[in-house]
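Below, chain A partners chain B and then partners chain C, in two separate complexes.
What follows is the complex of A and B.
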């Protein structure tokens, strides 16, 4: 029976042009979305390279200036930008702290359109002045991006629904179910076989079209074997989940139209409602403190600090006697006071800023615990992680940059407080930023998804409606 | 015939368990969404009031200070939330809420809510606009997909034909039966929203006419969907096919087209990155006058010019502090540079909008979305308007401070301190969003596109049902 099923199902799918239609749609959807993703990644790479080039050019100018000044020549630059002053180097010649894209970055835009991929921390200004939000039209953020993740999470289930909602009901409606009932096979097994075959063909089409598109856009899936296989594994288990739902609905509900409505309802619940409700609950349980009120606090603190600048500097120097020893001039200017108070502001504000991070972390944990209510969330999150564009990746980048900003500031402190000039020989010692990818994609969700799908299939087998009512032929 | 069909269809819908459940779910969701939004609205507004007041207090109590130090110390403009955002949150989540106003620099609005949320936020929020724009059209698809196909499937079509029914009356009956429940839900929601909003204490900007226009936009949007769904139902052979096709239209219109539009718009008319933008501004700034740099070429030129104008030969003989004067001139130059670069951004955005409008040909969602956001003051244009208002205020503030510095001190007198009371004289920042009339005339093209959709879908429906 299985071999007949295989043979006729394929014939049927080919003659009803389902296979042809699906291949074209998959090629178009995958093609367009991957093209979009790659375009974004290209732009990101271009921007970072351009920024680094600019720094290189500026550095050349700086070294030339230093050379002239050290040679005792007159220079035409504004006096406060001359790089013998360490603060000028720290402010006008910042390094690029960039987050290079991962090799799979094109599969999911994730938070990539929301956050910037490089910043240039300076010595003055505080960490909150580092704006990590990218300059984008909010309309684009609202609509989101047509990326591969969107095709997989949103559209693929709909294709599956369209492909499988009437597997059983169509037979009943066309009258051929009576013929089938005469065959020596359980109805569940027959539906399972039929859906299994459709799942098999759709998987082949998905793998085939993805591979074709990968080659067409000049990516070699075999160089990134684990990533590519992980991606396929994720897609296929997600598909299996939707086929399992289709199996249940086919057995439990009735007419084609009712099946379609029920499956669609599930799609709305899993893909649209569950994520937004989870997000809303997370926000309500762990609300973010107000940024506007944070600004107030910050301003108050700064106003107070400005008034007490001299006192703060004295205290600072008492805490750091090493700065006072080597300097014979003991000159104290604007920057001496400024940097000392800046440090104080940062320390005082730390609890306020940490509160934001803490609440975000709590929201993350909450989602981590409850993301299992919807496979759509799991798949989207995994794809974002694979692409290195998840919230966590950007948080990670933010932390590393803040760390680097502090290094950068710290690097110039001895120069400043010892009133020591910055010179050419100090140039190679400037701190450099290197982004480290911390979270790597985990494929642990694949077996879990697989288990969920298998459990659903098992449920269909044991609790099937036919066993209760006895007549699947006329069920409506 | 129209009323009979209407009654029969309505009764049928009411007896259908699925329809009842679907209706119930939509109403519950709407209620929850409205409740959440209302709470958030209240919360944000309280924070806004508090922030505004304490920021002003911080400004007023600066004590004796050099006006230019105060300019660097700066102040903040906070973006208020408007009552109709209760119904449509628009881009509020993605646009910053506070702008730092300081000397020499135009800053962008900071701290959008989305940057403080997890990645899940990108799936969308459970807000009334989500229900109004996505779920109700889906409900229309579910209610109407088998409107005509069921007559075919049950064989009642032949019966009807034998009655000599005029096709358009019959179709109109079905149309009203589908339209009526949708109208009731929408009207109820808007009415409740109106009553809630008009009872809030600070409903200064709330107007019933805006609410009504928004209601009309949504009703038009739903009529388009009803027409499309009925059109498909009248053409399809089976209910299943009709449902799948109608769903495809829904997906394309509500999900795929906006995303595709956003990708196309971005690749065709990209924004510079934040850093690029800053670098471009810096480059242009350097070419002009820097208020802090008396040794630059431009500063010397200005000096000569001012000396000549006043017929004196030393800066000390001028009736005002030339340092402050130069500072103000530098400020004006910088403002011009920012104006130019922000205009470029605006230009890119206008070009992007054209792409959205172009793709509205396959998606009635787009014009409806843009219209409802505009009316609710939660669209990007209002954000621009707010940012521009904040910038004008910043420029005025700088002039106010520099003028005080110039008039009350002499050249080189950097030790000058303005009175502690002086800061209170600065007028407070007030922002009024565009009026309804302006919004509608700005959105002429969206209204036009929505109108075309409305007429075209009606026309097609009439045309096909004639020959059913």
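What follows is the complex of A and C.
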């Protein structure tokens, strides 16, 4: 039966123009979404390059100024911006801490439209003042990004539904099912073979279209073989899940209209409802403390600390005698007091910040535990991880930036408290930020999706075997 | 070839088929006559294993249909009232597909041979079924039965909607199959065709077989009278 189904299913699909239609749609959808993704990545790269260029230009100005000052010349700059002051360098000549896009970044925008890809930590800023949020168009946030992940997670299931909802019901409605059922075959096996063949042809079209589009936009899938194969594996197992659902609906439901409604209902549940409900429940169970309240607390604390800056500075110097010993001038100005108080502010704020971050972590853990209720969630998450745009990737970036901000601050402390001027020879020693990517996405979800699909196929067989014989021939 | 023993089918309180005792031997054409709802299609559905009997049993080629649903279908061919084939496939392709999934691998020449034997014109072999008349589709159905080498043929009102010429051709094809030893059970409303092609005729009413006649022993008018008597339509005769 399989060889005849293979032979004639392809003929039927070609003659009904399904294959041609699907090929064109997939090429258009993949082409447009990958082009969109690449445009975003290019913009991100351009922004980072521009920020780095700006730093280079500022550094050139800084070195010129230092050269002039060290040569004993007068410079026409505001006194507080002259780079012999370490605080001037730390505040007005920050480094760029950038999150370079990964090679597969174009497949999923993920959190990239919410978070910025570079920050410039300043010596007088504190960690919580580091702004990671991106100014994004609310309209774009409302409709989401038309990237490859969107096509795979949202649109591909709709194509599968259109391609598979009436495999059995169309035969029943046209009357050919009775003739088929009079042959020595099991209708369940026949439906499975028909769906299996449609799954096979759609997989071929997806692989072909993606490969063509990759080459067309100048990407060589063979240079990123693991990522490309992982991407294909993920798409194909996700497709298999939807074909398994179509198998169940074909056997259980009835008329073509009912099948279509049932499958679209499942699409709404898995793709739209489950993720948003999970998110809502996470927010309800682990509500985020007010960020405004946290900022107000921070301001109050800073105001309080400002009143006691002399006392704080004394305590700070007692804890750091190396600064008091090495300095002969013993000059203590605004920045000496400010930087000493920053440490205290950070310690005092730790519980508030920890609470905020703790709740965020609990929300993420909650979603992590229940993400398995919808394959759409795990596929989206996996695609984000492949692209390096997942929440974890941005959290990783944030932590690295906070670490670098601390290094940047600490680098200038000895200069400040020893009242030592910054000079040209100190320039090469300025800390540099090097972003370290998380290890690439694991493909553990692929076998899980495969198992879910197999379980659904098994369920279809078991239940249809135990149901009454006439059910398949007569629509419910 | 076809035997039913006390075959009964009930849907709740309603009896669709009541203790049917029937036998169709090799080379016989048994025509089941009856009004709509008499139980003719139910009988065929039970013999095809599409539905399960409430009680009793049905046998095809000595195999119990309910116990061997797949095996019994190897020996039978079925032509419903409206034979729906794949409209975008040609006659040869449809025949190849249906005989193929039934386990018969046939060459192109064989396929064309069966279509010719079923009376289909040669120039229609490669045409898509969507362009076929009902009579032509029924011929493809016969070709499927021939290709499958069916021992039993189940027909559910196959001549309804056919013009007299096509209906006559179909009758001749059934006669041809009869000479090959095929046992045919045909449910029909067509008394004339039943008398013409049938060897035996059964008249059903309300799920039970009320009369069994040998076709050659009666004339058409006697058959008509027997049918009307069974249906209790006496007043209409006047």
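Heads up, the rule we're going with is that the second predicted complex is superposed on the first by the 469 of 476 C-alpha atoms of A that agree within 3 Å, B and C clash if a C-alpha of one lies under 4 Å from a C-alpha of the other, contacts with A are read in each partner's own complex, and residues count from 1 in each chain.
In this text, a contact is a pair of C-beta atoms (placed from the backbone, for glycine too) under 8 Å apart; a residue touches a chain by one contact, two chains touch by 3 or more.
Computed from a predicted structure; not experimentally measured.
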item	value
Touched partner set for A:183, first chain B, second chain C, both or neither	second
Contacts of A:11 with chain B and chain C, given as first, second, both or neither	second
Chain B versus chain C as contact partner of A:175, first or second or both or neither	second
Which superposed partner A:75 touches (first chain B, second chain C, both, neither)	neither
Touched chain A residues, chain B compared with chain C	B
Partner chain in contact with A:450 - chain B first, chain C second, else both or neither	neither
Partner chain in contact with A:217 - chain B first, chain C second, else both or neither	neither
Intersection of chain A interface sets (partners chain B, chain C)	none
Of chain A, residues touching chain B in the complex	32, 36, 39-40, 43, 47, 50-51, 54, 78-79, 110-111, 114-120, 131-146, 150, 154-155, 158, 162, 165-166, 169-170, 255-258, 260-261, 264, 268, 272-273, 275-280, 282-284, 288, 290-293, 295-296, 299-300, 302-303, 306-307, 356, 360, 363-364, 367, 377, 380-381, 384, 390-391
Complex contacts: residues of chain C adjacent to chain A	45, 48-52, 70-71, 73-74, 76-78, 80, 82-86, 88-89, 93, 96-98, 100-103, 141, 154
Residues of chain A touching chain C in the complex	1, 3-5, 7-8, 11-12, 15-16, 174-176, 178-186, 190, 468-470, 473
Residues of chain B touching chain A in the complex	18, 29, 36, 47-48, 50-51, 54-55, 58, 62-63, 73, 76, 78, 90-91, 93-98, 108, 110-126, 130, 134-135, 138, 142, 145-146, 238-240, 243-244, 247, 251, 255-256, 258-263, 265-267, 270-277, 279, 290, 293, 295-296, 345, 348-349, 352, 356, 379-380, 383
